[in-house]
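Here chain A shows up in two complexes: once beside chain B, once beside chain C.
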Partner chain A sequence: MTEAVENQVEEQAQPEEKLVTLTIDNIEVSVPEGTVLVDAAKKIGVDIPVFCYHPKMEPVGMCRMCLVEVGRPVFDRATGEPVLEEDGSPKIQFGPKLDTGCTVEVSEGMVVRGYTEEVVDARKEVLEFLLTSHPLDCPICDKGGECPLQNLTMRYGPGTSRFIFDEKHHAAKHVPLGEIIYLDRERCIQCARCTRFQDEVVDDPVIGFSQRGRSLEIVTFSDPGFDSYWSGNTTDICPVGALTTADFRFGARPWELKASASVCNHCPVGCNTTVNTRREAKSGGELVIKRMMPRQNEYINEIWMCDKGRFAHHYTQSEERLTQPMVRNEVGELEATSWEAALDLVAEEFKAASDGLVTLAGARLSNEDLFNIQQVTEKLGGKALQNTHMAGGELVASVGVGQGSNLSDLGEGDAILVVASDLEEEAPLYWLRIKQASERGATLVVANPRDTKLSSKANYELRYSYGEEAAAVMALLGSISPKTPGESEAVKKLSRGQEVKDAATAISEANNLVVLYGNEGTGLATSQSLADACANLLVATGHVGKANNGLIAVWDKGNTQGAYDMGLVPSEDLAADLMSAKAAYIVAADPAGDDATLAEAIKAVEEDAEKFLVVQELFLTESAKLADVVLPVQANTERQGTYTNAERRVQIFYPAVPAPVNVHADYAVAANIAERLDLKLQKVIPAQVMAQIAETVSDYAEVSYTKMAEVEEQWPIISSEDVFYGGTSYENEQGMGQQLQPASQGGESPALSFAQVADAPKVDGLLAVPVTRLYDRGSTVVPTELLSERLTPTSVVLSPDDAEKLSIEPDAEVTVKLNGTETKAQARIEAGVPQGYVLVPRSVGIALNSPSPVEIKA
Partner chain B sequence: MNALRESYGQEIDQILAKYPDDEKRSAVMPLLFVAMRKDGYVNKQDLEDIGEIIGRSSTDVASILGFYTLFHDKPEGKYRIQVCNDLPCALRGADEYLDNLCDNLGIRPGETTEDGVVTLEAVMCLAACDKAPMFQVQDYNGVAYHENQTVESTMQLVESWRAEGGKDA
Partner chain C sequence: MNLYNPLKVVPPLVTGLWTTFKSTLKKPVTIQYPEVKRPVRERYKGRHELKRYDNGLEKCIGCALCAAACPADAIFVEASENIDEKRFSPGERYASTYEINMLRCIFCGYCEDACPTEAIVLGDNYELSFTDRSQAIYTREMLLDPVPAGGEPTPREVEPGSFDRSIPEMKDPA
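The block that comes next holds the complex of A and B.
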């Protein structure tokens, strides 16, 4: 009795996992209790071959490839003592048959043998069975060269088949599961990795098995086929060439590909990627990008990536790219010129404009670009703006998640609040990792005006009306600390009800708390009060300044946080700022293309002979067409730089392909302008720009390319030699990046203002609110033809009630009267859209920056 | 919105009542029976309707449909004659019987007569080896055994279906 109590005490004192020691292939290893043999073996470099097992999914033991001999120590039943051999070693009893290494968990003293004749024979037999119905078309198979079945057959398989070739199973070889993923039914070995991934991991069960036995086949009944943002990942984990992407199939052989590390900048997650390139005759001997693959980073994207990141890279090698600097000539046309002439003119005009310079930069730029651009602007005393409608960058710098955070650490006892975000649409990987945290037992509170994909995982769901985002968070805070001042009507209304009180209790009792806010229905002003409210909640509950606690802004662009850190702020009235400019320097942004009112402002700048407009861009955008000088730049696949993600992890991306001749990186162009303004900025090596950033921006003092390039051992261990274990995601050999310390972690107490809480705006008619869709029509997405059918059309989304009132049929064309403009759009009808509101997806052709009254006409 | 629910609302409610609220997916089989009874097969709309009722994707419902050989996903004959020609039945003349039946019906196994009354299928063991040649008939409402058959007795049965005009299947 006493002993048992003591043991309990010990367990409480040491919450560490219990370790179990066993011997695998004569090597002793200690692993946590509950580990399966395949994983335990992997830890000591012993590869037990698998097909159906995947370290990120639950084992199913379907394929039988991982059969091994398993022995356990024998205990004397009478005494409970281990039975010993004559030599004094413990007697081991092996099982009568082989066991599957993917389902058997480790136990103390276990002995596993994966090299014996019996095991090798079993592997050979499993492979022989698989090959009876698998075509030998490796020479034309996309997986050839990185195929587990091919590799394992070479290693263990039979050289010839005992089965009759003519009786071989044949099936359809080009089955489109939608237009993105193709299925080869002959090659499928029915391991169910893809169906399990879609069901268990990403909760999109849109592919499944139909029929049985030899007729078993993968089917999809969704519309469009294989309707998931995650479909590309199934091609990575498919252990044969059954699933291929339309983008890469028949495009290249894996061994011809060169790999360069990169970081995706489509959203603020910052997924680590690998760019696969090939020099090929059909592209005129150029080095071209063949595919984008995930690269392991267990802090960020694990081994996954979304389809937008995977496929929307074609813009970087578009024919439409700008390749020469241009200036407007006497007859008013843009004419190619030399860099010298263009830069001299820009510098001269900037100098003349002096503090009348207004710079507008887009946050797909790297930190180095943004820094140099900001420095040029600061030198002249101009305004450095960034193109965003989300506020709170300085709050994230102050109370963002602490250094050492990893969303994978969140689980039982922790809480996560996601407010004003359709998370899978805004940042797919954050959706996945929050979903997983909830499955590990973290309490998930989702506050949003309508259902999103995350709702089904929420422990508490809070509903508010668009415009009451901050009020919803303040209602939570009010339930925790009743002294919250200045309560508005909205807060009082939202504080009623048990759900908010229970959610508040869960938050106040949580060990760790992470708050994510997005931009569902918010404009700059509401975003600011929302960010304030979130920070208030975190500070009031003491969840700041430490790892796995703090604020994450689900930014609208890839490097918005970096832009804030480099000192670029959003404009409260961009049209007015542009109108007031003597010279405008627009980089990686297209205000004229985004918004008709801004186009007017830019035209005014252009038409005024006194004023000067410079556009630094990849493409001849609407803004560039109006510019006095257009400066071409390199795409992020052609150069080096860093992005800061929403968790303030700074990461390096590397060049994958050479840039067009005579085209430079944004930081270099800015540095060349600076040179002409007697400002010395680094322009050759981005690491040197970072050194200058480290000197200037205190939060980045510790950041260096060397430290960002440091790697850590990660679990699961994936590497190119044994693609059978984890799939074809790339190993991370180029660095985990560096997570910045928020000011609150450095001991600084955050200076906070109480959130300005507004009530929901009252309008007579309908209110249009901006929302985010992953597949928008941004200039970096549209050039990818593969996604063209899935891009969100120019559309508005109505509630069924409002649609009925206005007699609007689903998908009918309607006229949208908004902010003085009229646009034709498709009307979508979705249950769950609150009555009285019209959702307007961003970047699909209707400009809307903050909630505005709207008129919809059938 | 949900056509299946509109037509069979009460029956579907009764089926759902048998399962706990968080295990509605268990109702998939009886719901597939309901859809089958409608016109002898389950169409794509039915898959979506059932998926909506039990809160699963239509692909999930389709994989269950595909697993079972007595569920069908395309329209065929109103009566399916499923002849067992496994070894014990073959020893009692099932193969010869099936061949003759094919000649009489003018179709091969897997095919449907032109008038849409009969679909002929060769199937695995039906557990009536001692009464072969035998077959089971699947119509919209379920299955029935017909044992110790001759081609003549079978053709009589087929003619009786044809006389009914194949209506109340």
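The block that comes next holds the complex of A and C.
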């Protein structure tokens, strides 16, 4: 066994790392230098129990649970040779006291004993001591059944306590740390995993310890309480039931839950999740989603997930869901009908419209859906559009990060450029992993018009004005290869100063370079030139076509990359496209609800008797209300499919709950329409749709459900057997997904177009720029009541100077006059906002696609 | 055997009739069920009862350990949180749904053993007959004991802060 283990460990180790061989419980193991004993033991399947230690955080040695006997070989001082016993084995000198296995690093020839009487007694005593102030309310504790304290007590604890029960410490049991997380102070064993996580891992130090000794307690010092996008993770890693979520509070016992693998589609990261379901009497015997948990994938979300992904799943089981196809009758009202009738009508009208068909699909759909929808549109010669304001999908397919990339591999000697992105708001997990890369020593260049949470980690911060995104990247490129043509005013201005030059040098000299561009303040046109500029920079510095190098677009939606890959393109003028349509097929998008001008366009389509509007949706959205035919579809928790994330990793999600009767998946609906148009598409098994995608889309030729479902061994080990390490994140048994190869990695030289560099638009008054907020008011977020207080209100964000000039008080109601519409909104004032600009959060009630002049009245 | 020999026929006949005559004077073994019911043994395991404290609060905290212990998967529990305006039990949570399928139950009493608050007890009711499978499911309302004399029914409104333990100590809470 030892040999096999050694080989395995050696394979995992980086070549330059020095291996150290030691013996733990009589098993020899070789691990990289610097590994702590607990981890080394874990690799050979020996349990050294822990509470405070977590492999993703720095060890602190607070709980004393991991005490072991540690012995080191004795060396002769004169000769430097190891002293030998009589039988020829090296003499081992054990320490006078037990050592904590989580803080002691391995050394050559070390001998560790975790089974001696002294160690066993020490563990018993630690547990006995912890239990003196633990309430033992396991029967009603949400953690009961998956609780490390419970498990370790059963395995290592004493059978009885010497403690006098009457003197038991009592503390507050129901302390809301904000409305999302509840704290039970009595259950807390003071391991500091939560406070360390908030501080070290996600840099949101909003909870901490107050008082000392027995009075030590966790407090929150933010308003609202526990104000962090990561709060749910603390409930996972809490080794007791001290932190629980309001969402799952008393929801079910863990052993009653059924687990199904899924992939989050709220942002382009594509976190792997586990959907926990349970049949409920109070929901009429239906299978109900009780909670969403992270599933380990060290390529993507490690063992974490953000609170949006964790809590914003309630839309899938909302009462408002559509359950029947509807057709507009003579009176002009939507009337329930049969699928046959509805689909026959749709097919007939599509045939009549022929190349006048305009399809608009939202990128929360899976690749299978998007493919079938695109095929239907292509068959008729119509226009297949996707609902996004971000360009560059083809560029990512060409110069995206190479196959085998993992952001966790970036470190010393590597560089990361983040342009035009408030990364934590747009894709929280990317923020976390970029931050961690910067902490490992990667050079981080952040280019943004204002401070974001990532700024504090930046080695070089580049400032530009909204509208000059591409110019900022071109300025970097210009500093590297001065012959770059097309000098504009903005590029010249931004090229001045040492910071740009230093950043450019760091980028060009980096071993690996990853460029992320987001959508802070960009519209479709600026996004296109920004993507072009980023691609040019990558190609010019030779950072394409290999792993850990390339372009990542922080898309605005979950599967935008998939939509690009399936051949759906964004529309430059959606209103005109919709107006010109003879028939419009809108899937998973609500243009009428998003934007008043689009609502006008859709109304025009609806009012024109010649024209035909089909909406395929989960809910009766504003667009659906105007439709001639409304087709209900399944939510992603009810079916199978795949998403392509921003790093072009294609991943499968699986059904967790049964779909409502008579409601089908998007790909099946599209295939049924196709059937009536004499086009054969797969409609039963998504894997067959994927097979067809593999045949049609060259980039997906290698993709198959079987390969996507393959798993790898991951570190840290979070198996069902594991009772203490990773909290309650789920082991990944359902697949790591498959990363696509960008064209440049296949040897193809990327087709680059020269970036159109624009100067910042000049306006007399204020300029409104769109920005992204994590908690927006999208139709998939609003149904989650738990988050209702944290959702961004219909608001605009002003700089303090502008607010003073316009005499606007913080949080006052103002009138926003934008693109010919007037909206009442709350005025928020933030110090980081550059003067002359008004930030308009997307999807909170004010439509803004690209920077536009705005008038604000108090 | 000669059936016409009276000496061989009459004595057994008399013995038999004597037994009959003796029994007519004895107390009868049969009882007039359902008018009359025989008391069951002290440790008899009949239909489950959900117990209350003397003050009327429910003992069940909805921990579902009974359901976990049940070898026949006959018990189904859903918990909800107690609030001071609507309190069912002294602890933090109570069973908002409690169902036992009597067709599945094998009356082993494991649920009783698993219960941390002695809320579920196998009682002495053995009259379990149904005309329909759905009637075999006994709900919370059917299983709960009546409110004892002097107690108040649940749910009830209580002074805020009067119950601050997650699981009550096992004596009658005030």
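Keep this in mind: the second predicted complex is superposed on the first by the 842 of 858 C-alpha atoms of A that agree within 3 Å, B and C clash if a C-alpha of one lies under 4 Å from a C-alpha of the other, contacts with A are read in each partner's own complex, and residues count from 1 in each chain.
Keep in mind that, in the parts below, contacts are C-beta pairs under 8 Å (C-beta built on N, C-alpha and C of every residue); 3 or more make two chains touch, one makes a residue touch a chain.
What you see is a predicted model; the values in this text were computed from it and never measured.
> Mind checking the superposed model to see whether chain B and chain C fit together on chain A or clash?
fit
> With the two complexes superposed on chain A, say which partner A:Val684 touches: chain B (first), chain C (second), both, or neither.
In the superposition, A:Val684 contacts neither chain B nor chain C.
> Chain A residues in contact: does chain B have more, or chain C?
The partner making contact with more of chain A's residues is C.
> One more residue to check, A:Glu256. First (chain B), second (chain C), both or neither?
It touches chain C, and chain B stays clear.
> Please indicate which partner A:Val219 is in contact with in the superposed arrangement: first for chain B, second for chain C, both, or neither.
The first partner, chain B, only.
> First (chain B), second (chain C), both or neither: which does A:Ala341 touch?
neither
> Is A:Leu19 contacted by the first partner chain B, the second partner chain C, both or neither?
Once the two structures are laid over each other on A, A:Leu19 reaches no partner at all.
> Determine how wide the angle is at the CA centre of chain A between the CA centres of chain C and chain B, giving a multiple of 10 degrees.
80
> Figure out whether A:Val711 sits in contact with chain B (first) or chain C (second), or with both, or with neither.
The answer is neither, since A:Val711 touches no partner chain.
> Now for A:Val206: first (chain B), second (chain C), both, or neither, which partner does it touch?
first
> Note down the smallest distance between any C-alpha of chain B and any C-alpha of chain C in the overlay, whole angstrom.
So the smallest C-alpha gap separating chain B from chain C comes to 22 Å.
> Which chain A residues are contacted by chain C in one complex and by chain B in the other?
Looking at chain A, the two contact sets are disjoint.
> Along chain C, where are the residues that touch chain A in the complex?
Counting only chain C, the residues touching chain A are 61-65, 67-68, 76, 78-81, 91-93, 96-97, 99, 116-117, 164-167.
> For chain B, which residues count as touching chain A in their complex?
44, 47-48, 56-63, 65-67
> Under the touch definition given earlier, write down the residues of chain A that touch chain C in their complex.
Residues of chain A touching chain C: 135, 137, 139-141, 144, 172-174, 184, 186, 249-250, 252-253, 255-256, 280-282.
> Applying the document's contact rule, which stretches of chain A touch chain B when the two form their complex?
Listed in rising order, the residues of chain A that touch chain B are 204-212, 219-222.
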